[in-house]
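What follows is a single structure, and I will ask about it in a moment.
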Amino acid sequence: MKLQVSVDDRPAELSFEEASAEWRFDYRPQDGLARSGTASLVRAEPGIYSVLIEGLAYEVRVVAGPDGYYVDIGGRRSVVKVIDPRALSSTGPGQGSQGRQTVTAPMPGKVVRVLIAEGDEVAAGAGLIVVEAMKMQNELKSPKAGRIVQLKAQVGATVKLGELLAVVE
Amino acid sequence: MFRKVLVANRGEIAVRIMRALREMDIRSVAVYSDADRASLHVRMADEAFHLGPAPSSESYLRIDRILEAVRKHGADAIHPGYGFLSENAEFAEACEAEGITFIGPSAATIRQMGSKTAARKMAIAIGAPVVPGTESAVSDPAEARQIARAVGYPVLLKAAAGGGGKGMRRVDSESELEGALRDAASEAERAFANSAVYIEKLVERPRHIEIQVLGDRHGNMVHLGERECSLQRRHQKVMEESPSPLVSARPGMREAMGEAALSIARHAGYYNAGTVEFLVDETGRFYFLEMNTRLQVEHPVTELVTGYDLVQLQIRIAAGEELRLTQKDIAWRGWAIECRIYAEDPHNGFLPSPGMLADVERPTGPGVRLDSGVYAGWEVPMEYDPLLAKLAVWGETREAAIARMKRVLGEYYVSGITTNISFFRQILDDPQFCAGHLHTGFIDEFLRSGAPDPPRSPDYDAMAALVTAVFSKQETQRPVDAGTFSIRSRWLAEGRVRGMR
Amino acid sequence: MFRKVLVANRGEIAVRIMRALREMDIRSVAVYSDADRASLHVRMADEAFHLGPAPSSESYLRIDRILEAVRKHGADAIHPGYGFLSENAEFAEACEAEGITFIGPSAATIRQMGSKTAARKMAIAIGAPVVPGTESAVSDPAEARQIARAVGYPVLLKAAAGGGGKGMRRVDSESELEGALRDAASEAERAFANSAVYIEKLVERPRHIEIQVLGDRHGNMVHLGERECSLQRRHQKVMEESPSPLVSARPGMREAMGEAALSIARHAGYYNAGTVEFLVDETGRFYFLEMNTRLQVEHPVTELVTGYDLVQLQIRIAAGEELRLTQKDIAWRGWAIECRIYAEDPHNGFLPSPGMLADVERPTGPGVRLDSGVYAGWEVPMEYDPLLAKLAVWGETREAAIARMKRVLGEYYVSGITTNISFFRQILDDPQFCAGHLHTGFIDEFLRSGAPDPPRSPDYDAMAALVTAVFSKQETQRPVDAGTFSIRSRWLAEGRVRGMR
Amino acid sequence: MKLQVSVDDRPAELSFEEASAEWRFDYRPQDGLARSGTASLVRAEPGIYSVLIEGLAYEVRVVAGPDGYYVDIGGRRSVVKVIDPRALSSTGPGQGSQGRQTVTAPMPGKVVRVLIAEGDEVAAGAGLIVVEAMKMQNELKSPKAGRIVQLKAQVGATVKLGELLAVVE
């Protein structure tokens, strides 16, 4: 089986097949040395694998995520993706400093203060909204100079991670 | 001895106290908010009482509700733990009025030491060294400017009723002063319902070293040596050790600090367990900061090197028992280090990371102590402190303790939310840390210097890709790039932020 | 110091040794049989080598395969742990021949102490007290009868090469002698490939107390005090403590036993960690039993009270380092107790209970040490010893340690297979145990006397029924009395046997 | 909802219904006092419930089994069954000392010795088969005096718990 993957955004091609309780693999990064061999791979617990490669032992943990898999090997974490061509072209919102910019919750929490109103003119870096979680207050600043064209944040409201709070234009 | 004790707290410290109670064959009563019905401290208790909604102000800070619980369950004592009502003199008084024992010092002592300015005045009065600054709260900007000029910049603004860095601001120049004063006051108001702030000279690259004292109601008092608590983020401790590398290297320093601490505690008519905090400059000169009139979060490192169970001793003292210890009985063995495991991302401004714990693997083996308040499948609430657990190790020497902590952190794994576990491994590899060159700005400097990534094996990428491929084949039929609504998504989202770093 | 050490063992002790290696920054090589590919010791190792099929004789006892692993992985030392090849002189010699370090004493010492009769002769020669009996193996029934008459019944038959009670038989009268002799010999043959058996006077209600010694290759040697190991089932230890209630109550006894142990060890040219076992009668008189020329299963209790890491010291000594300890440096603090968590049913003849571990909850908090070799979802193999983990606690006093162990056992939960966890809670409640009145027949007597059930709350039955009803509603659509093929069935089946008791 | 149950073979009737996040229950044992009330019951982990009854807190663990549920409360284990009328009438094999008697494996393990052959006459209590697991040998004795009419055990064979090894008649 052959997959286009990336490890921490380093693209590579992985071929692998099961061979008598082991896995034969061939890993070819776009840059860097190719790596191929045979690995003994045992699922010890859900998402936890004991891996033996040429006598070396590793404990590998993996969990599925929205944009790939999060892999932990010896305390080091990486994001492994199977590359989705569409993803390469797209650029999400909030890029550059032109046009509309969104202000989103950097953590789950509660809105404790809203320092602006819709229609306000704000300077770049001006404090807009204060979100609190676990006794830590986090002041969200304006990503650019402009006007508040949309304000969703309400004092006392509970917000999710990444939830839209305001839009500056 | 008490028959039943109510634990007016939550999380790991409530669990710690209940363990002590169980070992003393005393029944425990848990109190809980809506957010904590399934929390470990409720699961471990013998009895439980519902306080109210999640916000502390409507639950863990409700003196009336807690006293209601005491009456309903017939408890004969209350252990306040740390935080919440632990240093609230009104609460201690209310307990006395209710005729039940508050496990801690007298209300009068709490009140006297509770105000940093009052404590400071007292320290000055008995000749204990203090950092130059105001002796009373300052609100007027003009007055503040004057004082700041007098002691000289940089200065530190501190909440009079404060603790844990809330209402605290560093001010390097006059231009920053007024804004900082306003912020500190409002933060203090929010945190302690008391906006009083005072000003003191800022000691550069200071160490935070504290002395554990223990006294009974019969006039016996000893100190159990020091704890080095210089590793902090946002003025909150994240890593502590005992002994202190500085103090243990300087003959007589422990005795000197211990004596200073005891004189302050004695003067305050102190009994039960308490901690006297000092600021120590690079030359080893120490200044009285404040006294914490309660059990300290980091008490385990002292227990590990002295062999005493501070919580059990607190309970015995509160029950009127005599402390059968003299200073010369206290011996220190080996070295202990504690890491505070927080639900936060050290590489992303220590942003909190509440949410569902997917998987928890706990370290075991020689020299490990884990005080945890969480379990896999439990939702870490956003309303409270991000402290998940305290991981402590003991070793014959500091080197052995560091090596052991590295080993132990490698066995500790939490998924579902972001924690600072791997961050500690980076600190423990830092030469400055290993040399014992610590100060309260250590972590900020460490982060600015850019922490090195852990070494990666040659096979790393190939292995990560292969295991992912096999995992996705075996566990999920979902395409690799599709979304998931698993309980892990919070951790992932936080993880993503880090991944992009 | 070594760069890489091969651990020629499995289970909790392999894990224990690898933890020490990691803390010393030495790479570890695991060896494993077909039954252990997914075992914790393989997961924790830096490198791993497959030995062969599950039976020990085809894997962990294969000297040739283990030396192959050493060559392939370039290890420069081997730690044998306990059991398997740890007391095999040929193995130690093979290591020497291979030019790698065997972490233990010399092959000559192992050989000398390995034969109980030889060790006994030596002890007699240097004037150490021994139990009356034969000095050489006996196979001829007639000769056996004669000797048994001479020392007087009851007598004990013991495998000369033995240990752990295999090849051991109590004989109360001549009529039982011949059969017992045959059984003991064949069991010894199977267990040690050596059928030699000898006879000694049986000491009634004896205690088993042993002394830990530690010596380097430069002639320095100390003892680390005693361990009380009287609680046994089928002549195997299940619970150990240090200090011993008897020894600590008798001034000078520790020193006397320590001196006897040191003189025997010195005479044997001993180095590395070793244990001298004594039988102690009700009057406190002690008799040399045997010397174990390896790390002892129960070493953690000594580590907890002395503060030394025996495994790390073993490695340092093997590397040629000098032991920087004199006898007066050794101090004992507090009390430690260890429970051996076995996969067996104490209430059903200690029947083994291999199988899949469904759920494992580990105790944490102050004063707890867990050395475990298992994890949830792992299949406990039937080929090896039933030891799953060692649970140890430390307390200021024996009372505190007992109270703590009770608390800790209450936090320990294993499902899927039967274990002896709850059995320990019953023992800890026993007045005789709490009074320290111990002997090697304690557990058999305890079981005969009928262990009391733990107290049941008034709501118990109603609660059990209600939770079951809700659980069956929420978790299973299967009718309550239907069968299940869940991984828990083994535990259930064993549980059923108990339920019917 | 109403169930006929037994706790450690003590029969009882249980009525229970959910009432605003709590459970109202009524428990009537055939002998012993009836117990009714309201319980707060929260599933903390799979098979682990935090139970509050009148302010008392309990940790209750339950796993499903072939003949009921195994419940652990504070280290005490019980078997809870919903009574199956058929079960009451049936008497399994191996009852009494009359007629055929089966010899089954008391634990999973390996047959290391077979001391008899089919057709042998054996005395009650005579050693028949030795099974070994985890280095413990277990000699199975004849449940009655009689003849070995069936012998399934073979030296070296791995046997499951409860597996039939021999039949004595």
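The first chain written gets the first letter, and so on, giving A, B, C and D; residue counts start at 1 in each chain.
Just so we're on the same page, a contact is a pair of C-beta atoms (placed from the backbone, for glycine too) under 8 Å apart; a residue touches a chain by one contact, two chains touch by 3 or more.
Owing to the predicted nature of the structure, the values given are computational and were not obtained by experimental measurement.
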Touching subunit B and also subunit C, the following chains: A, D
Higher-contact pair (C-beta pairs counted), B-D versus C-D: C-D
Subunit A and subunit C, separation of their C-alpha mean positions in angstrom: 49
Computed distance of Cα centres, subunit B from subunit A, in Å: 31
Sequence positions of subunit D contacting 2 or more other chains: 46, 56
Residues of subunit B touching at least two other chains: 410
Residues of subunit D that touch subunit B when the two form their complex: 40, 42, 44-46, 50, 52, 55-57, 59
Subunit D to subunit C touching residues, read off their complex: 1, 3, 5, 7-8, 10, 12, 14, 16, 23, 25, 27, 29, 32, 35, 39, 41, 43, 46-47, 49, 51, 53, 56, 58, 60-84, 87, 106-110, 133-138, 158, 161-162
Subunit C residues touching subunit B - in the complex, by the definition given at the top: 15-16, 19-20, 22-25, 300, 303, 307-309, 333-334, 362, 364-372, 396, 400, 403-404, 406-407, 410
Residues of subunit B touching subunit A in the complex: 166, 187, 234, 343-344, 349-355, 358-359, 382-386, 409-410, 413, 415, 421-422, 425, 453-454, 456-472, 474-476, 478-481, 483-484, 486, 488-496, 498-499
Subunit D-touching residues of subunit B, taken from the complex the two chains share: 30, 37-38, 42-49, 72-73, 375-378
